[in-house]
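I've put the structures underneath this note.
Here come two complexes built around subunit A, the first alongside subunit B, the second alongside subunit C.
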Partner chain A sequence: MAEKLRATPLLDELEKGPWPSFVTEMKKSAAKNPMANDQLGILEHSYRDKIGHWKHGGLVGVMGYGGGVIGRYSDLPEEYPECAEFHTIRVNQPAGWFYTSDVLRKLCDVWEKHGSGLTNMHGSTGDIILLGAKTEALEPVFSDLTEMGFDLGGSGSDVRTPSCCCGESRCEWACYDTMKFTHELTQHFQDELHRPAFPYKFKFKMAGCPNDCVASVARSDMSIIGTWRDNIQIDQKEVAAYVKNGLDIDADVTSRCPTGCIKWDGKALQIDNTNCVKCMHCINTMPKGLAPGKDRGATILLGAKAPIIGGALLASVLVPFYDMEDAEDIYELAEEIWDVWGEHGMNRERVGEFIQRIGLGNFLEQIGLEPEPEMVMHPRTNPYIFFELDEEG
Partner chain B sequence: MSTPAPRKTDIGPPHYEQFLPEVIKKNYGKWKYHERPKPGVLLHVGHSGDKLWSVRAASARLMSIETLRLLADIADEFCDGHLRFTSRNNVEFLVVDESKVDPLIERLNKEGYPVGGTGPGITNIVHTQGWIHCHSAASDASGVVKSVMDELFPYYDGSKTLPAKLRIAFACCLNMCGAVHCSDIAILGVHRRAPVIKHDQLRGQCEIPSTVSACPTGAIRPTTVDGRETVEVIEEQCMFCANCYTVCPAMTLNDPVNDGLSIWVGGKVSNARSEPMFSKLAIPFLPNNPPRWPETVAAVKNIVEVYAKDARNYERVGEWIERIGWPKFFEMTEIEFTKYHIDDFKHAGETYKRSLHFRQK
Partner chain C sequence: MATTTEVAEAMYAMVKEYHGKKNLKALDLRKAMIEKFGDDNCDKKICKGAIRELIDSGKCTYSYVGGSYIVLPPEA
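Now for the complex of A and B:
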């Protein structure tokens, strides 16, 4: 079906320049799809009057699921009738965001049949985003998606779609198999992902090493970041080759080590591994010469979030090192946390805020973990200690 | 009519393994090192000696199925149909035949999906929905991102480099659907007026107690207007967070004149050298000026250029500022320091200077 495109003099400006244009993308869909065409029109409208034209909420979804669809309605339904209902469908991505051309085409076919033809590859949490479905299309999309082996992701106060870096599939620095772990975790918590029952959302992100390419420390309630405990592996010949090829090893590597534990004497590299904090810098600069140690696992951190409501948080250390041998241990830990937070957390209070409110020490006690000095930047500076009343003498 | 198949639920995502190319299956967990042979290309080498070239192309993140089909065709032509997306919305073609790399780059550039985004430079901007699809957006996301990336393009395609990688993120409201609070440069949509309350709709759409308790500063009080139960906002107490709007659609914040953008700098998430850090406020407000947001583009470019000139190798923006000090940052960028830069939320005192460690002016 050929559509006469909505006039978009302002948006047309954004088709110029070298960066791929989202306007061009919208027009490609709009040429065939009336929903996308009205969406183009409504966006031009926003560019004209400098406000958005979407209303939030409205409970929509597929039968038996409490998440995965974000209801969206426009406030200009008469002018742009085709996108009056324009819901977002979150589709759980395959771990690591790998596709074949085949499966990508099948996804396109489903979306051509039922929706606007517009997507995000991918959304902020990691899902495939199908942008713009009418309410009546939701069940049919869902049925076609499950038929080809895909399922919805999370939304609302549930486990949000876990995501990870590509890890061992293509990165020599991965200290555990992020994709396998993420896939299994996602399968394990399908119920928690599809049926919101928490005080607020709970995100998992998995990064294979302290470079944290998925920003898990900033973006996930539970962040699992690969690391190691033994010595950095050194190939002295390759290190020497970097120097010979012009790397200024003093300026760019050793003097940048945060603990000053790495030395180059002109012939060999020496690392005082007892003082290495596994920051990755030296390894990043000489990937051929250095590699993480062999005793690998991960650090588990808790509580990152964006500002709403009580201010932004970075995640903080909960388990300094776990060998990642048994995923069950992490499932149990997560469930412990959900029990405590589920019972005592306030509505729309993320787990990080909850911990700030009750104190990390109390939280640890409730989930049954021992306090360790790795969990703090430094001990408390104020003397207002809530001594327990049964301590005497 | 045929009988419908039983409804499938809770099947979870498809297993990734079926989408991996052979070379990855074979070298999974056994990669030895990688190099960056040219801008936009990563070469991974396995202990087996196998090689994999990943060719990284830009995307607008918002993509039509026509484009996805085009990418699928390109993948068929050059790399047996194998591709992946990155956490920053780039697309990577997974190539095992070295002779295909250059023709693939040429093809992607020709189709308008330029290759780049590796190494010490700027890659795709993580961003949010904006006016395309969100109710609380204080600005559009895609338009600002497109305008900024057009301007900074030489840092993407490798024609210019930076001392270290520089990660930009965009979020259109304080909900921050992208991790903008820990980015080298963050662009954040802000509201600047208290919610306008639609008293006639409030009772029908919202619960009064949950609306009152949604406000982190306690600015919302129950009241009666024209005999109707509703709420009021003590404007001096409002910090324009829009939390009430998320809970109650009748508390609208969108404002064509007073919404706009703020700029934050110096955050990072990696542990390399320094610990992860938050981005800090550089510019509290810039106007919404579609379609190309020239003030915002110029502000970001200015910060990038000052950093490019002054920072040392491997120094991220935040590390550079820590070395030179904030007074110098404001001096060098010629950004005005105002009272808005001084924190007044929880734990604000921790950000006040307590030493005499000042550098020469």
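Now for the complex of A and C:
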């Protein structure tokens, strides 16, 4: 039991107002756990000094794994001895983040027994994040977690824990089974997930449709986004019912179509599907009236990243349409990419930055993929496709 | 073909040789092994297995210093 809560006048400000506060939650843990109490103290100290008091890196982990634990040390160990070592453990979340309440309780029990009790559900990688373990606790936590069927996620220069939207389990827009694919991909790349061998991290994110609820287009090196290649399904009766019930279809749907390919003549909706860019706007607005087509698969994009070393990048299309019948093809594509990037990439250079450096034309040639018109970055630009005049031309 | 254990031993010798001088990544080891044994005798799969053997036996461990490296354990 912690004897007395650390004084936190600055953090207390964050408890004011009508919103939930992480400080209140941390205090609940601090009342029971000395590590959480010292963490509260060090956070207050950081707010006061306007500087973080954490160092990171070093040699911490569990036997046989190169990722999953991020070493964190405080630079004020005398003042906050209980969080002198405060390592982060990433635990591979179930695909789609489905848990039973029983499992969640057991996870918390394991964490209260061995660590600070503080969690982050979920980190931006998608993992269950257990915040604050001493080095001596790592193996026991790992052993309790594996007994429950959990495994560590990725960290460092490896495949980061793949994550996906809930897909077909709850969402009618899903164009492929994101959860099944993600689970299988995770199993297939266990070695790449636990044994870092790349120039830098590599993230996979899977979204069932272009709404991209997991922000894969901005947050993953390889993003696999469900799509369709036939016509949007229209139920004209339901569309008419929306209009009858007050939807201003011109103002809220047709005039907002980015390519102007959808028309309403007062009786029926018409879509020029050849010009539809699958933005999902009309479908999201009239979910009973419209649905993605029936010929479904996914678009594979490459190269997004959040700003860490360089600036942020959005992904570019690599494979415009893949039917998602055989995951082996995607595994092979990923391995081709890793070989080229591994061979020529610089330390801490994400694959998107690598492509920018060598040019997508060269990159495609190296991985043996034919350029396609859909790979353009913006209309009227095609930075990746080059026409070579033949000798006699 | 070289065996996984042979490649693991050659990798271990290399990690020891570079200890304290240069951190080696999995790919550095792989490249060096394919060069040493020749690409008829050693490939990506054998190197993966060899690294697994080194790590699982505790002879080497991973370290993170701005990137992930394969190093001798701290007590070595």
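Throughout what follows, the second predicted complex is superposed on the first by the 372 of 393 C-alpha atoms of A that agree within 3 Å, B and C clash if a C-alpha of one lies under 4 Å from a C-alpha of the other, contacts with A are read in each partner's own complex, and residues count from 1 in each chain.
Convention: a residue touches a chain if its C-beta (ideal position, glycine included) is under 8 Å from a C-beta of that chain, and two chains touch if they have at least 3 such contacts.
What you are looking at is a predicted structure, and each value in this text was computed from that prediction instead of being measured.
Asks: Going by the contact rule set out at the top, does A:Asn347 touch subunit B (first), subunit C (second), both, or neither?
Replies: Both partners, subunit B and subunit C.
Asks: Output check: A:Leu369 vs subunit B and subunit C. Expected answer is one of first, second, both, neither. What do you get?
Replies: After superposition on chain A, A:Leu369 lies in contact with neither partner.
Asks: Regarding the shared-chain residue A:Asp191, is it in contact with subunit B (first), subunit C (second), both, or neither?
Replies: both
Asks: For A:Thr119 in the superposed arrangement: first (subunit B), second (subunit C), both or neither?
Replies: First partner only, subunit B.
Asks: Just to be sure I read the superposition right, which of the two partners does A:Gly156 touch: subunit B = first, subunit C = second, or both, or neither?
Replies: In the superposed model, A:Gly156 contacts subunit C only, not subunit B.
Asks: State whether A:Leu59 touches subunit B only (first), subunit C only (second), both chains, or neither.
Replies: second
Asks: Under the stated touch criterion, which partner chain does A:Pro199 make contact with: subunit B (first), subunit C (second), both, or neither?
Replies: Only subunit C is touched by A:Pro199; subunit B is not.
Asks: Where on subunit A do the contacts from subunit B and from subunit C line up?
Replies: Common interface on subunit A, subunit B vs subunit C: 57, 63-65, 191, 347-348.
Asks: For subunit C, which residues count as touching subunit A in their complex?
Replies: Touching subunit A: residues 25-27, 30, 44, 48, 51-52, 55-56, 58, 61-68, 71, 73-74 of subunit C.
Asks: Which residues of subunit B touch subunit A in their complex?
Replies: 5, 7-16, 18-20, 24, 28-29, 31-35, 44, 52, 54, 58-69, 71-73, 75-76, 81-87, 89, 91, 112-114, 126, 128, 130-137, 140, 142-143, 146-147, 149-150, 153, 156-157, 171, 174-182, 210, 213-214, 216, 241-243, 245-247, 249, 254-257, 259, 267, 269-274, 276, 278, 288, 290-292, 312-314, 345-346
Asks: Could you list, by residue number, the parts of subunit A that touch subunit B in their complex?
Replies: Answer in residue numbers: 10-11, 13-14, 16-26, 28-29, 32, 36, 39, 43, 46-47, 49-57, 63-65, 72, 86, 88, 92-105, 107-108, 111-112, 117-124, 126, 131-132, 143, 146-147, 149-151, 163, 165-166, 168-172, 174, 177, 179, 183, 186-187, 190-191, 194, 210-219, 248, 251-252, 256-258, 277-281, 284-285, 287-288, 291, 306-312, 314, 347-348.
Asks: Note which residues of subunit A are touching subunit C in the complex, please.
Replies: 57-59, 61, 63-67, 70-71, 155-158, 191, 195-200, 339, 342-343, 347-348
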